[in-house]
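These are the structures in question, set out in turn.
The following pair of complexes shares a single chain, chain A, combined with chain B in the former and chain C in the latter.
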Partner chain A sequence: MLRALLVAAKDVRHVYRSRASLVLMLVAPLLVTGAIGAAFGSGEGFEIEATRTVVVDQDRGAGAGHPASTDASADGGAGAGFPAAGAAIRAALGSPELADLVDLTTSPDPQSARAAVDAGVADVAVVIPPDLSEALWGGSPFGDGEPGPATIQIYKDASRTVGPGIVAAVVEQVVRTCQGAVAAARSAVAATAAHGLDDPAALGALASAAASDFLTRAQSDPGLSLRARPPSVSTTGPERAPNVAAQVLIGMMVFFTLFGASVPARSVLDEHRAGTLPRLFTTATPRSLILGGKYIAVFVVVLLQSIILLIAGLLLYGAHWGAFGPVAVLTVCGAVVAASLGLVTVSFAKTPGQAGAVSSVIFVFLGLVSGSFTGTADLGQVYSVLRRISPLGWLLEAWDNIMFGGSFSDIVLPVLVVLAFSLVFFALATFFFRRRYA
Partner chain B sequence: MSRVWHIAFKELLQTRRDRLAALFTLILPVIFTVFLGIMIGRANEDSGLPLALADRDGSEASQTLALTLSGSPALAIRQIALPGLEDAVRSRKVAAGLVIPVGYETALQAGQTVSLDFVCLETVPGAQSARQAVESVLFESHLSSLAIKSAAHVVTGATGLPFDDRLDRVLRESVTAALAQPTVTLDVTDAGRPLPGEASGFEQSSPGGMVNWVLFGLLTVVAGVAWEKQRGLLRRFLAAGVKQREIVAGKLLAMVAVTFLQQLLLATVGQVGFGVRYFHAPLALLATMLSLSIFAASFGLLLSSLFRREQAIIAVTIISAQLLGVMGGAWFPLEVASHSFSRAAHFFPTAWIMECLHGITLSGWGMTQVLVPLGYVWAWIAVVFSLAVWRFRPD
Partner chain C sequence: MEAIVVEKLRKQFDPPKGPVAVDDVSFRIAEGEIFSLLGPNGAGKTTMISILSCLLKPDQGEAWVGGFSVTKEPEKVKQLIGVVPQEIAVYEDLTGRENLAFWGRMYGLGGQLLRQRVDEVLEVVGLVDRQKDRVGKYSSGMKRRLNIGIALLHQPRILYLDEPTVGIDPQSRRSILDRVKELNAAGTTVLYTTHYMEEAQELSHRVGIMDHGAMIAIGSQAELVQLVGGRTRIDLRVDRHLQLVAEQWQSLPGVHSLSRDEDTGLQLLADDAAALMPRLLESARALGVRITEMTVAEPNLEMVFLHLTGRALRD
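== the complex of A and B ==
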């Protein structure tokens, strides 16, 4: 056994003395994690780039010929007392709450606004038509004599979706609020008329009052609101919200440990090619001990790699990995499965080059289906099933459970599955190595 | 000049015979492009996003809300109990979860603001789309409820009528009818020459794949240079009368050719397989692809100048490729990243290349629009190439 440990110690030392190996095993996952963590931040500090928005407000107000103002129709007709919808849209887009998201400027005409988007000076142009308020407020409160429909044009940079989407949502919300006021006015008139009141002046006043009441309520009553929170795993466990960097680093760690495992695993082939392995076989040390030493080396290399990455994540990115016990179990499990995968992908290759090519393809495929790179994307039910064809998918699922506050009971099944996969891989690797070297 | 061609030809021959090179240059980029294209497309879909719903109130009001949410084409509602909801969100079986709390109906009747738990993983983009859809439904529902309240308030005040079931029904029908006939519509148009249909995930994954994998295509040539330096083969070239600049030009030419062919293949796969519009502006595309190839080749030459060992070159190439890809917006569009990251990313040439490729494929950019972004790339090329040539030693 001591001889196996000596073989293992030599291989571990060899790997950790190679700067290239260290870069691939430690620097690469940490740098990629740092970059993605910086891109998406964590929690309150995150803000996307403000969308450069040009507004062209051509709205004439509710009363034809009147400027866009709150007293659009002085004669008490349709639209009396209602705010100019164009001005309301401008005010909403320029509100202090949206200052970080919308960088608002105005333009005198649609042509120059569109030209600004075409030239890349603006991301989106909002063209408010002259008859907007007329279309919203100008109809009869009785529901007849509908005004012609109006169209607000949103002209956006085709390569941008998020910022223009926010602008469009704000515009739509203002319009729908105005339409809500109209709905309140019309329903008030309809209900009153149904009870026999048919004086047009009184009904008009009633409509104005209902619309005004609606607009007041809309400002003061936020209604239903959403409170975003991460999922908790165990009802008794603490609810944690791991930051983006922690979630990315786990994916990267699980992926790069495969490459970490493949480096010492390939040493079997390297030594075979260099003749040092056959020389070892001529000594009194049994072949099983020599191969056992190689297995131990692969496991220890990956275990050390995982521990270093977890500590680095804690120190560099402020990651909360979860309770110590389950984290330790998962770290060992991860090292076992990575070692077994590293060995099995090397075991049926004839040369180090072939092993590198084959293992790279297998690792990248496993990383893809498991969610090492794309844990950030959602594929719904299909993906959640697909990722379970790989032991890495199970491992990532277990890490998710722990990071979101789970305990041992939440990782039992994934750990058992991962160990079962590892057992099969070790058996396969041993079969191929024995066939070649026995 | 013929010596340059011979050196370049030898490198290309070596690359063609190397299976590992084919793997990194062609097969893996295509696999990544397809997989990420499907995933991004699915995440950006605005229809049928699975939303787990836990109704803890079980009241008439909460059931009405559940019914309204089910009517949203953007959402596919799955009603489950709370523990199952947490698990479904965490394991990404659903895009997000919504919890209607106990006392929902009572709070609504009392006119109190009700807060619903929206359970999501912040790194799942589908969750943001689901949240927008839920907020939209809640807003519409709130709009209708407010309109009824306002109308009822005014009608009862003006006529003295009681607010009974009959009045409620009349108002509800009238409000629903008024809101169902919007007199104002939004017309969203893309600038330039917009796509005939909706953009798919491949508009991001295909150019992203080109930028992300271009450096991998150089592995064979760059590692080969290190190998030749170690064994003194480049010195033998010098002894045979080949000038150092001819060696550099030959290697560089081979790298440009390899990466250009790689890009051409990926662009063709993107256009033919997934409808990404690369070839409608051939000149702009050619300029962009050549710029990326020349940058990658200069970078590869720099790596082979700085590092002697094959293993070190492979490690540095992999890490550089990943970082340039992430920073350039090859993995995700920079518009969804933080403001400061997006600014910092534009220091890197890959961000400008991505901007050109997005401009060509999404906005119908031509040669004139790509000139300025490519100017930044060429500034990088000048610096990297000068450093590479300055540091290049045949031994």
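== the complex of A and C ==
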């Protein structure tokens, strides 16, 4: 065993002494991350700068004159129980999920809000008209009127596009949800009236209950997501959104660890060609220990590479990776699967050149399928299934989960799948190496 | 007691069409002997060494090293042997000393003994001054010496040296040959391959001559030279028509065998040199060819090879 470690130490040292390997393993992923991050972000770190948003909420609520209230209850008077649309918009914009993107303040009147935008103190002003709720709920608790022509005004700094776009999207989403609530309330009333209930007070209470129920559900399960890869985490505690650089770097890390693994893995072929491997086989050290040492070397090289990249991401790009435990597990897991892939692609090949060519093609394909390069782009449902044919897709999914605040329970499945893949690759590599060398 | 016993070994690469590198070879090497395998490029020497090092499995036959089967007890065999491969096999990015320390550990050495052996070997191969330099910066002769030194670390009972002096200056070659003799005097059995007749002649107690995978002769030098009988070798150079001359002389009475060398050289084995030489001069004159050089050589291993194969050892 000690001799296996000696072989491993020699190989690890060899890799980390070679400038070419270091460029490929460490400099390249950090540079690519820097380049992509710079294309996305604006200066400090790579966070999209929070959009400074001023809200002017003039909404009077549905029951004329009633103060606006988001947590409507069914036992109020007719109309009074409807949720206030203006407050819903304010709540959505001020939600913790958007805290990194929207910096929310309120203003009493439209003039001063617009002035703030003109003066460059704010990026966008959202002016909610007094009759918004009335227009949405049709002015009547029975919901039989048509929605009025109320207009929400979004006043923005002309030089900014992304931030105000996000704000507009949030506002539109809330309005849609409210319209959905109206529809829900109407159908509830219609259904009940059909059964002969015609007490106006009871129908009003029913309508407002249906509307607010719809609204609560809609808000707890928002149709709008600003995340590229919606995490499948059961969020406990405050959720954190990772910055762009972190997501890009994880993709790059997963991709470049494959190359990190292939460098020491290829040393099997290099040493075979140089004659040192056959010579090792003439010593009293068993072949299994010599090849085992190579496996250890590949794993250690990739593990070191991952750790260096994670720390560099932290220091250079201010990336936050998630809770330490899951991060450690995924780091080790990633090193295992990269090592297994590096070894298996080398085990097929006859010459170092062939190994280099073949493995590069395989790695780029895996990187593409798994989403190493696509960073934050949302490529839809089909893709999120497709990427699961690759262990790296699973691995990236797990990284996403913990970067969005997930815990161990959110990565158990991906980790098991990744390890299963690795086991198969190790077995294949061992089979081919044994056939050749044993 | 026999150090090495080889019984009807056969090895073909890439069957069924590949070369038969070792073809039904049998021989024995006694303990304490220096045995040389002499043969031209591609004769099968390295393949034989590889089989005896447990690197290659023979297709047929069996070999025993120190009484252990190379196919069934490779771990036992490897404890006994030190192998100097034909191609230099050292780590260029490590220093000479680091190389020796690493290989020593792979041979199972450690601690004080390892340090002591590394020092001794550095002394033996004359690399004490350069031990802290990276091997990548060594001259090829120095690399060769290190290549040899690695196999001496664990003081093997049986040492294989596969053409250890190729591409080395005369001084280093001298010291390597002397070292081999010293090791042998201290009890090491040596299997030495070469295509330099002089080396085989100087070192070996017995020589096996290989050609095209087959062992074509085996014995002490005296025994081998007897195969040539009373024949003498004549080396000649002519100024033109080499092809024509070679064809003509091939059939001259008294010419036992003839081989062409390079552009203008001819070697022939004469039953009676004194009687043949006038006939050669006469024939040359008749063909309009001038003989520019003619030497007569004593019987040696090279002539044995020429005698047996009709070709020169170094082609």
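Here is the rule we go by: the second predicted complex is superposed on the first by the 244 of 438 C-alpha atoms of A that agree within 3 Å, B and C clash if a C-alpha of one lies under 4 Å from a C-alpha of the other, contacts with A are read in each partner's own complex, and residues count from 1 in each chain.
Note that in this section contacts are C-beta pairs under 8 Å (C-beta built on N, C-alpha and C of every residue); 3 or more make two chains touch, one makes a residue touch a chain.
Predicted, not measured: the structure shown is a model, and the values here were computed from it.
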| item | value |
| --- | --- |
| Which of chain B and chain C A:L366 touches, first, second, both or neither | neither |
| First, second, both or neither for A:H14, with chain B first and chain C second | second |
| First, second, both or neither for A:A4, with chain B first and chain C second | neither |
| Touching partner for A:P286 - first (chain B), second (chain C), both, neither | second |
| Which of chain B and chain C A:Q179 touches, first, second, both or neither | first |
| Touching partner for A:V418 - first (chain B), second (chain C), both, neither | neither |
| Partner chain in contact with A:V170 - chain B first, chain C second, else both or neither | neither |
| Touching partner for A:V102 - first (chain B), second (chain C), both, neither | neither |
| Most chain A residues touched (candidates chain B, chain C) | B |
| Footprint of chain B on chain A - complex, ascending | 18-21, 23-24, 27-28, 31-32, 35-36, 38-41, 43, 45-50, 85, 114, 117-118, 120, 132, 135-136, 139, 143, 146-147, 149-165, 168-169, 171-173, 175-188, 190-192, 194-195, 197, 202, 206, 209-211, 213-214, 217-218, 221-233, 235, 241, 244, 247-248, 353, 356-357, 360-361, 364-365, 368, 371, 373-381, 383-384, 397, 400-401, 404 |
| Residue ranges of chain A touching chain C (in the complex, touch as defined) | 3, 6, 10, 14, 17, 274-276, 278-286 |
| Of chain C, residues touching chain A in the complex | 50, 53-55, 75, 78-79, 81, 83, 85, 87-91, 93-94, 102-103, 105-108, 150 |
| Chain A-facing residues of chain B, complex | 19-20, 23-24, 27-28, 31-32, 35-36, 38-40, 42-44, 49-50, 83, 85-87, 89-95, 97-98, 111, 113-127, 131-132, 134-135, 138-151, 153-155, 158-159, 161, 167, 170-171, 174-175, 178-179, 182-192, 194-195, 199, 309, 311-312, 314-316, 318-319, 322-323, 326-327, 331-333, 335-344, 355, 358-359, 362-364, 369 |
